[in-house]
Amino acid sequence: MWLKTHCNFEFTITGPTPLVLMLRPRSGENQWITQEEYLIEPFTPVVEYTDIYGNLCQRLVAQPGKLSIHTSAKVRVPKVLKSAPGAPFVEVQNLPDSVLQYLLPSRYCESDRFGNMAAEITQDYLLGYDQVAAIEKWIKSNFRYEPGSSITPLSAMEVNANDYAVCRDMAHLGIALCRGLSIPARIVVGFLHELKPMDLHAWFEAYVGDQWYTFDATQGDAKGGYVAVGYGRDAADVAIYNQFGPQTYHDAQYIHVEQLEN
Amino acid sequence: MWLKTHCNFEFTITGPTPLVLMLRPRSGENQWITQEEYLIEPFTPVVEYTDIYGNLCQRLVAQPGKLSIHTSAKVRVPKVLKSAPGAPFVEVQNLPDSVLQYLLPSRYCESDRFGNMAAEITQDYLLGYDQVAAIEKWIKSNFRYEPGSSITPLSAMEVNANDYAVCRDMAHLGIALCRGLSIPARIVVGFLHELKPMDLHAWFEAYVGDQWYTFDATQGDAKGGYVAVGYGRDAADVAIYNQFGPQTYHDAQYIHVEQLEN
Amino acid sequence: MWLKTHCNFEFTITGPTPLVLMLRPRSGENQWITQEEYLIEPFTPVVEYTDIYGNLCQRLVAQPGKLSIHTSAKVRVPKVLKSAPGAPFVEVQNLPDSVLQYLLPSRYCESDRFGNMAAEITQDYLLGYDQVAAIEKWIKSNFRYEPGSSITPLSAMEVNANDYAVCRDMAHLGIALCRGLSIPARIVVGFLHELKPMDLHAWFEAYVGDQWYTFDATQGDAKGGYVAVGYGRDAADVAIYNQFGPQTYHDAQYIHVEQLEN
Amino acid sequence: MWLKTHCNFEFTITGPTPLVLMLRPRSGENQWITQEEYLIEPFTPVVEYTDIYGNLCQRLVAQPGKLSIHTSAKVRVPKVLKSAPGAPFVEVQNLPDSVLQYLLPSRYCESDRFGNMAAEITQDYLLGYDQVAAIEKWIKSNFRYEPGSSITPLSAMEVNANDYAVCRDMAHLGIALCRGLSIPARIVVGFLHELKPMDLHAWFEAYVGDQWYTFDATQGDAKGGYVAVGYGRDAADVAIYNQFGPQTYHDAQYIHVEQLEN
């Protein structure tokens, strides 16, 4: 299916402000970008670099006054998510070098403290994909998806003390549980077609059966329509924007995803 | 200045054909992409990766029949090239690790055999930028720029046996001479505003005074309007397309660069 | 000064156990390895790779029974630590791309929650090196260095609730406070000459004045003798060994650092 | 089998001379280093970095006078080379991204001009491993291995005009022929047990059947005993030392490989 994503931000900048943005999706295994726009007004010099996860990041120094950022992308993505019941656990010694880092605990995924809980949740399941599916289902059953309920990221342990969460924090919990079973897991931020209410979204991927599979405890079924913008260990790595220095006002934000005909 | 680049290719594919394309410019120090299109017809799954030089490359398997590729980009680039007479030679021990590879000889730049010639051409010049400018000037004076005179890349030694060359091969000679003086040099392929006749273009960069500077022995002065698409040691690294397997017919090609108002 | 480091581990392995070790120091800016040993008994096939931080890591699958690992290195390191009072804060826009990741919060360094505290501790100091020195001094004054007081890593917030800490956790607090001021900071694990009691050690580095400087809140002055084995965002990235799967018994450990004559 | 390699160089340096050395073998798939020495006399500060091929390189500025470099390594390597008759050709679309660069022509391997010749030599063989074995055999039959016959590297085309070659240049020819068939190939420099006469050695690897296999047209059979020190596209990438600036005298060189008992 072909989607067009839109993301607009309006800021008020009070002094020269270094920004690092992560707003340019890349073409990869599961998405192909055929058209893209990235407008910054007023024009500001930007340097782009690739971070350690392969994300394209944009560095600039915003000048005092209004700053608008408009991005859009026309992307082809699968209509349904790949699923693979029975796909086996990959023994740690067989993981690619580049995947190993997704076994480690991280800022918002204290996987070192979730081993027992993960074992319990998944005790009746085959090692691998089915364990991750069980984790996803367990989160769905035990946490109310409540968009907007947390502005700053909560860690898996903090989420686990609640019975509701935003998408990003549900992903944190899913990731921490996977890693607690030595299943590599990572966060993805981006867009989701027909997300309600529409906003930027976050979900997680787990590495089983020699590839990454998408999981999302906030959604009802395996529907597709995901457009990835950034990958990382958790929300600390994939901030859509990181600002430094003076106070910045985030005046407005507009996110939209539409399905295209062809 | 704002430019819009267009690049269209038409191929006839006779059997399933692996292609590696390098047709997506990246935002970097000297160019900022605000809009971009990359259409492949008929639709073909594509995977993009970053090569060892930081170029975005697209991998696909073209199916038998017609294949069209249309790319365009709206890019902000400097109106005039940065020049820096007097910028000093960087002692090898002070070069960044990542720049060292551009001192080595490569397929089309046999710099190991150009040391004496480079020393002679630059003997009256200050070490660094001025040596590179002298090399550029020497190539301009001694070689006729003859677009279309060579289909396959010629190496610096082959070029040097002639008195004419295409842009790519002039760049090879410039690079080989720079490296012969222990000045890191690399090829760039991309677009040039008002290039005559319009086509894809190639030029070179040399690392002096702690940064890369653009040189182009095919042009009359330091005018800007360059849009980089790929960087490498020489033409072997920056083929706009590499095809493997069955015979492919490159039926048509259309390159266009226009200047935009704002 | 020339040091010889020794590190011996004895394990009892109860079933085939994937291990990822980080026990091979690399030659770098501040240390030069002239001799090195890495013995694994019984012999076990090992594959080495470089992680995202540049550390050399060794992957193997230990077989049931006893496993001993002996490493040693003869290393030249500075006799005194480089210090640079007055070295300026580096504006975020001027940080190298590769340093940016050390601004982000991480598993054991919740820097997103230490901004105010860091500002308070450093309010009377010049931006940059002096702020980091103030942080180091503040930790020294407020926390008792108590080796062995914590087996598993504690995060900066957990440490901050105590009045004592091990070296690793003091580093976590120092890092979190630096990052809270937008000063990049990272953990280092390795050896320290004359550490009392002798053990593996951890400290931190902060990036000011365009380079990394070493800080260590556990030690009395700027004495040298540090041998780095691994770098990372925090302890999660630099485990000397990560084991997966069956229960492993860490029977014995011997760490020794001696100074050599020449 | 366990080998101990020794490599000693003596230089006379006439002025401060930047050197880039590649003398530290890494542990990898096929070799495990348990002991290593790297002595530079007089002591000179060295910085080590990893190049784009994963080789460990040492940078230093040698001071006027005598310079000796002694390295040794105790290494476990296979007693016989892995061979895999019948291992299939890997279609270009299935090659890992990181392997693609070994399809490109390079300084001493003008593979763009060896397609027809490679097709002819291998016409009676299965695609893949058997083609490479046929190339190796063809080189053995048509070129006399003559150590010392060429000081500077010769390219595949230059070699092909002769009927003798050194190991490095035989590797160039083998690589150019493989790449001419779209089989990725790379050069390896290092040590070979019982090489006659003993010296540093060079051979090549080809990527078929989803892994790299070793080939060496200078040797009689598939005996093992290879210790890799550097990998690259050809000799331009894997110089054991690259010196820049003033004249340097390479006074002496001693290479030795011994087999150890255990």
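Which chain is which? They are A, B, C and D, in the order written, and residues in each are numbered from 1.
Here, a contact is a pair of C-beta atoms (placed from the backbone, for glycine too) under 8 Å apart; a residue touches a chain by one contact, two chains touch by 3 or more.
Owing to the predicted nature of the structure, the values given are computational and were not obtained by experimental measurement.
*Asks:* In terms of CA centroid distance, which chain is the most far removed from chain A?
*Replies:* D
*Asks:* Compare the two sides of the chain C and chain D interface and say whether they are made mostly of the same residue numbers, over half shared, or of different ones.
*Replies:* Chain C and chain D contact each other through largely matching residue numbers.
*Asks:* Any idea how many Å lie between the Cα centroids of chain B and chain C?
*Replies:* Taking the average C-alpha coordinate of chain B and of chain C, the gap between them is 43 Å.
*Asks:* Between chain C and chain D, what is the gap in Å from one C-alpha centre to the other?
*Replies:* Result: the chain centres lie 36 Å from each other.
*Asks:* Averaging over Cα atoms per chain, report the distance between chain A and chain C in Å.
*Replies:* Roughly 30 Å, centre to centre.
*Asks:* What positions in chain D touch 2 or more of the other chains?
*Replies:* none
*Asks:* If we use the touch criterion from the header, which chain pairs count as touching?
*Replies:* The set of touching chain pairs is A-B, A-C, B-D, C-D.
*Asks:* Touching residues of chain D toward chain C in the complex: what are they?
*Replies:* So the residues of chain D touching chain C come out as 26-29, 32-40, 43, 45-48, 50, 54, 58, 76.
*Asks:* Which residues of chain D touch chain B in the complex?
*Replies:* Per the touch definition, chain D meets chain B at residues 18, 20, 49, 51-52, 57, 59-61, 91-93, 97, 100-101, 103-107, 109-110, 112, 152-153, 182, 236-237, 242, 244-245.
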